[in-house]
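What follows is a set of structures for review.
Both of the next two complexes hold subunit A, though its partner changes from subunit B to subunit C.
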Partner chain A sequence: MRRIDTDLLVVGGGPAGLEAARAAAEAGIAVDLVDAGFRPGGQYWMQDPTGAPPLSAQGSKGAAAIAKAQATGVAFHSGAEVFAAFPDRRVLANAADGPIEFTPRAIIVATGAHDRAMPFPGWTLPGVMTPGAGQRLAKLGGTSAGERVVLAGSGPFLMAVAETLVKLGKPPVALIEARPTDSAIIAHLARHPGRWREAARLLAGARAIPERRSGWIVTEAIGSERVTAVRIAPVDRSGRIDRARSETIGGIDALLVGWGFRPMIELTALLRCRHEHDPALGGWHCVTDRASGRTSVEGVYAAGEVTGIAGAVPARLSGRLAGLSAAADLGADTAGDEGERASLAEQLARARAFSDGLGRLYAPPADLVTLARDDTVVCRCEEITRADIAAAFADGTDAVAGAKIWTRAGMGRCQGRICGAAVAAIAAAETGITPREAGFNPPRIPLRPVPLSVVLETTRDGQE
Partner chain B sequence: MKPGAGMKADAVVVGAGVVGAAVARALAVSGRRVVIVEQGVPGGAVSGASLACIGTHMMDEDELPLLKWCCDEWAAFASVAPDFEYSRCGQLRFLKQESERRSADEWIGIETAAGLSPTLLDPDAVRRIEPELTGPIHAATWSPNSAVVNPFLAVRRLLEAAQAAGATLVSRRPVTALRLAGGRIAGVETAEGPIEAGIVVLAGGPWTAKLAATAGVDLPIVPRKAQCLATVSVPPSIRTVVGACKAEGGVDAGYTQIQQAMSGQILFNTVLEGGVTAAGSPDDIPEVDRAFIRDSVATLLFLFPAFVQIDLLRSWVRYEAVTPDDRFLTGPAGPDGLFIAAGDGGTGFVRSLGMARIIADFVGGRESPFRRDLYDPARFDMKAAA
Partner chain C sequence: MSTLVTIDLDGRAVEAEAGRPLGALLHRELNAVLRHTAKDGAPRGVFCGMGVCFDCLVRVDGREGVRACVTPIRAGMRVETVRS
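On to the complex of A and B.
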């Protein structure tokens, strides 16, 4: 096992992690960056695993950010999954060439986000996936999820996926956005002129899609071997679905459906940082002091989506702020940085005002939880249906924790990463508690399944 | 169901772990109106983190009559309740070296005298029962009557049986204090109002002492950290419950338990003497510590070397309730109407049905078939006074 003593360990190599690592390294701090991907960049700045040059302006920006971080001396550890962290801040990661133990003086968690999937009839059919998964297929393999794709759900990320598919020459046959377009969205955009160009670009890309609807929701995926059709129905601004006016879109071979993102809080939760729940920020997120990235745990900082879903611009700003403040806390000479930090904090507040507003505008509709029927599988690892979960609640338990132990929902290989938010929503709907009261599956060591041989190697000689 | 304040009952059972669930069932079946109040989710604390072995092997000589009765009761409950993965799979306790023989023989003698049928097996005989156990053990004891249950479902079934007999279950409602009136118990206080009852049974595991103190009752229960690991689901590979021989110096005087759940996950833990040091409490549960992970994985792979490439999936920590002599505190304590059933010492599952029987007999004014003195909550006071 490799042992690495370092000043600062950055976990996650997306926009937030790269900016954090570079800022701290520039301040003279020894920085190691550990990332699960083949190459750094994360989901947003995803790089080709073979090292081929980026195809998009976004990918090129990422390549430049990686090069800059490398030039400042950040030590990269790609393809390494963090699976344990201990109260003394030791972090264990498993890489293709063996495990690594990091002993950092401080940690910046920039682990990013998961797709927020919600179960509905047919969601386990082949050909149905999240927009994020479709985007990865397109970015990594240059392939579309299908020849005739329906893109659905809610939020601006759908437009980004549409743009990628249009560039691939495979524009979706339909874009089904649940949020009805109205003056509130236009008014919000009007308040943030800095984002007009991006919005115009995304809207222009969407024009290649023959059928565009807003205020409609996919209620069912239909098919036997694979998805071949979707049922859609109108959904109003209060989130109510009008099934009487349902329609069917047939002749499709893929459905990308998702409801934005959820912060990837496994590591910050394992480190016992304080978390809060806010639907506009993707649900449970790590609470930080926005100006410094400090969490409630000394020596642990967080930046980017893990602190609340906001997108790449706030991620970069919060990453840089966390890197600078961690460097200062570690004793780097940061005199003269005050002006920059104040300016970054101001930019972050503005960028967050935009993204938080979008988060509220594109909140998943209230009736989303009604889509899953009794026989719809909610937990895919353990094949637990909504009826199984409802029966447990009827027997007197509640919350995510209660559903888990009485039904095994969230007890399988993914440990509730996929179904956790859905189980919380079902708990809230069935027992009248809030999603916040429903809680989340507390992550435990190991954060990802890891072979016993590796576990033994990483604990055998370690200090206890 | 979320019953409001102002509830009334004959008896309130505080804690919906396996002990509280069993007590609630026993009281409800005997015709009492019972409310079970749980601060978290039912079976979600100590019970849910248990490996839930139902057996008599290497437990406690004085408790053997009760343990035998409990094993039969669990089998009887399994035959009438919906499935809770009850499996009479037997239990092996391995010996690493010759020096552990004396203790193994002693336990076999005690249990045989009590009418049980444990035996000592050589490694070849062990492998006929547990083929994947190919590690270099010296021998193992074999107790064929041991069983395991799914701890979550077992608690659920007991609560279902209690509710079927008229009990009401209230989840996520912490009891904040005991209510007294005229020197006797009058119910409990909760954050959402009082629940009135002339009988209160505290089955709150490591939280019991704090609640009893609100009625001026001092209980010698302390929390002890217990940890466990689980692998991902794998095809059936372990048939029995595998433990370490209880002996001075056996597995370095700690304990081991290894079994495969019906889900396919292998559940295992090994604690060596002095192996557990990390701080924490039932209200602030820490992660497993590194030494525990190392000792548990090393022991698993010592016994089952073929498992080396199986993925570890999860770990968990619980705080079990421990008494000075490792026996439950079960029976009346302090003001009239107050009863205690707590002090699992890490083996609460098997004994829960017996503890419920003792409580139900006290409440019903019946003689108990068991030695109540073993569990008298005041037994340490008497010793101190003597």
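On to the complex of A and C.
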């Protein structure tokens, strides 16, 4: 097994991780960056895996950020998944050429987020995916999710996916946004002129979609081996669904549906950092001091989406802040940086005010949890239905962790990353507790399955 | 920049671009159905596309439970799907 002793390990190669790594390296700190992606860039700054030049402005920004980080001497480890971490800050990753053990003096966690999916009848059918999956099929695989794609759920990311599909020559046939149109979004945008250009670009992309509805929600995906139709119904401002006015959109072969994002907290949870729950920030997230990126654990910093969903701009700013403060704490000479850090903190607060507002405006509708029927599979890994989970709560279980022991929901390979939010919502609906009180599934080592040979190699080396 | 390679998909030779996610190729080649589940025999395909959900599992070069969506295409790789 390779052993890498370093000053600072940055986990995640998106905007937050890249900025953090560069800031610390510029201050003279030895930095290693480990990233699970095919190439660094993360979700916002996604790079073509074959090395083709970036097609989008975000891709070019990412290419520039990667080049800058490389120029400052950051050591990149791409295609390497972190599968274990310990309170002594040892981190194990599995790369194509075998496992790596990092023993850093400090860690910056910038692991990003994944789509928030919620169960509904038919959601396990092939062709039904998250919007993020549609984006990655297109950007990494050069493949459209389908010939006739319906895009649904809530939030501005849907429009970013629409833009990608339009570029691929496969504009979605319909965009079903749950949030009813009103003046609140316009009023929110009006307060943040710096974001007008981005908003205009996204709206222009959405114009190529023939059928656009706001205040409608997907209630069911229909098909036998692949999705072929979708049922939709109006949803009002208070989040109530009016099934009496349901309609069907047929002749489709893909449905991308998502409800914003959830912070990827498994690593900060393993490192025992403090977490909090806020629906507008994507639910459970790692708590940080915003001006320094410090978590509740000494030597562990967090930046970007893992500290609460906010988008690429706050990710970049919080990354740079975390990099600078980690460098200072590690003893780098950062005198003269105070001015820059104060200005970054101010910019971050402004950017966060914009995204927090959006997060509240695009909150998932109240009735979302009612979509799953008794026989709807909620835990996709173990194929556990809503009725199984509700029965566990009726029998006295009162938390996500309890439901796992009683029903196996969340015990499968995904460790509850996909169904966790839904199980918490079902707990809330069945027992009256809040999703916060329902808690989350603590991550288990290995975070991602690793071949037995890797486990043997890491344990054998540990005994030497 | 892109290199076309041949892989073996359930005994059939398929041409694909090296380095791109196997999951995207399988989504296209297999009409979205990558496997059937053990318990219900239900069809599954790419869902999260980022290695989180474990719905896109296939066998690669004899190894079970490989996530196609985070596996880059390599020349000569042997991919088997699990059907019930």
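Methods note: the second predicted complex is superposed on the first by the 462 of 464 C-alpha atoms of A that agree within 3 Å, B and C clash if a C-alpha of one lies under 4 Å from a C-alpha of the other, contacts with A are read in each partner's own complex, and residues count from 1 in each chain.
Note that contacts are C-beta pairs under 8 Å (C-beta built on N, C-alpha and C of every residue); 3 or more make two chains touch, one makes a residue touch a chain.
What you are looking at is a predicted structure, and each value in this text was computed from that prediction instead of being measured.
Engineer: Quick one: is A:Thr459 in contact with subunit B, with subunit C, with both, or with neither? Answer first, second, both or neither.
Structural biologist: After superposition on chain A, A:Thr459 lies in contact with subunit B alone.
Engineer: Just checking: does A:Gly308 make contact with subunit B only, subunit C only, both, or neither of them? Give me first, second, both or neither.
Structural biologist: Neither partner.
Engineer: Per the overlay, which chain contacts more subunit A residues, subunit B or subunit C?
Structural biologist: Counting residues of subunit A touched by each partner, the higher count goes to C.
Engineer: Once the shared chain is lined up, is A:Val128 touching subunit B (first), subunit C (second), both, or neither of them?
Structural biologist: After superposition on chain A, A:Val128 lies in contact with subunit C alone.
Engineer: Look at A:Asp398 in the shared chain and tell me whether it touches subunit B only, subunit C only, both, or neither; answer first, second, both or neither.
Structural biologist: first
Engineer: So, does A:Arg413 touch the first partner subunit B, the second partner subunit C, both, or neither?
Structural biologist: A:Arg413 contacts both subunit B and subunit C.
Engineer: For A:Pro451, decide between first (touching subunit B), second (touching subunit C), both and neither.
Structural biologist: A:Pro451: touches subunit B and subunit C.
Engineer: Both subunit B and subunit C contact which residues of subunit A?
Structural biologist: The answer is residues 382, 412-413, 449, 451 of subunit A.
Engineer: Within the complex, which stretch of subunit C touches subunit A?
Structural biologist: Those in contact with subunit A are residues 1-3, 17-21, 23-25, 27-28, 31-34, 37, 39-40, 42-55, 63, 65, 69-70, 72.
Engineer: Spell out the residues on subunit B that touch subunit A in their complex, using ranges where they run on.
Structural biologist: Those in contact with subunit A are residues 1-2, 40-44, 48, 152-153, 156, 159-160, 163, 169, 171-172, 231-233, 263, 277-278, 286-291, 293-294, 297-298, 300-301, 307-316.
Engineer: Would you mind writing out the residues of subunit A in touch with subunit C in their complex?
Structural biologist: 36, 38, 43, 49-52, 79, 81, 114-115, 117, 124-130, 132-137, 140-143, 145-146, 225-226, 253-254, 377, 380-383, 412-414, 417-418, 448-449, 451
Engineer: Could you please specify the touching residues of subunit A with respect to subunit B in the complex?
Structural biologist: Per the touch definition, subunit A meets subunit B at residues 86-87, 270, 382, 392, 395-399, 401-402, 405-406, 408, 411-413, 415, 431-432, 437, 444-446, 449-453, 455-456, 459-460, 462, 464.
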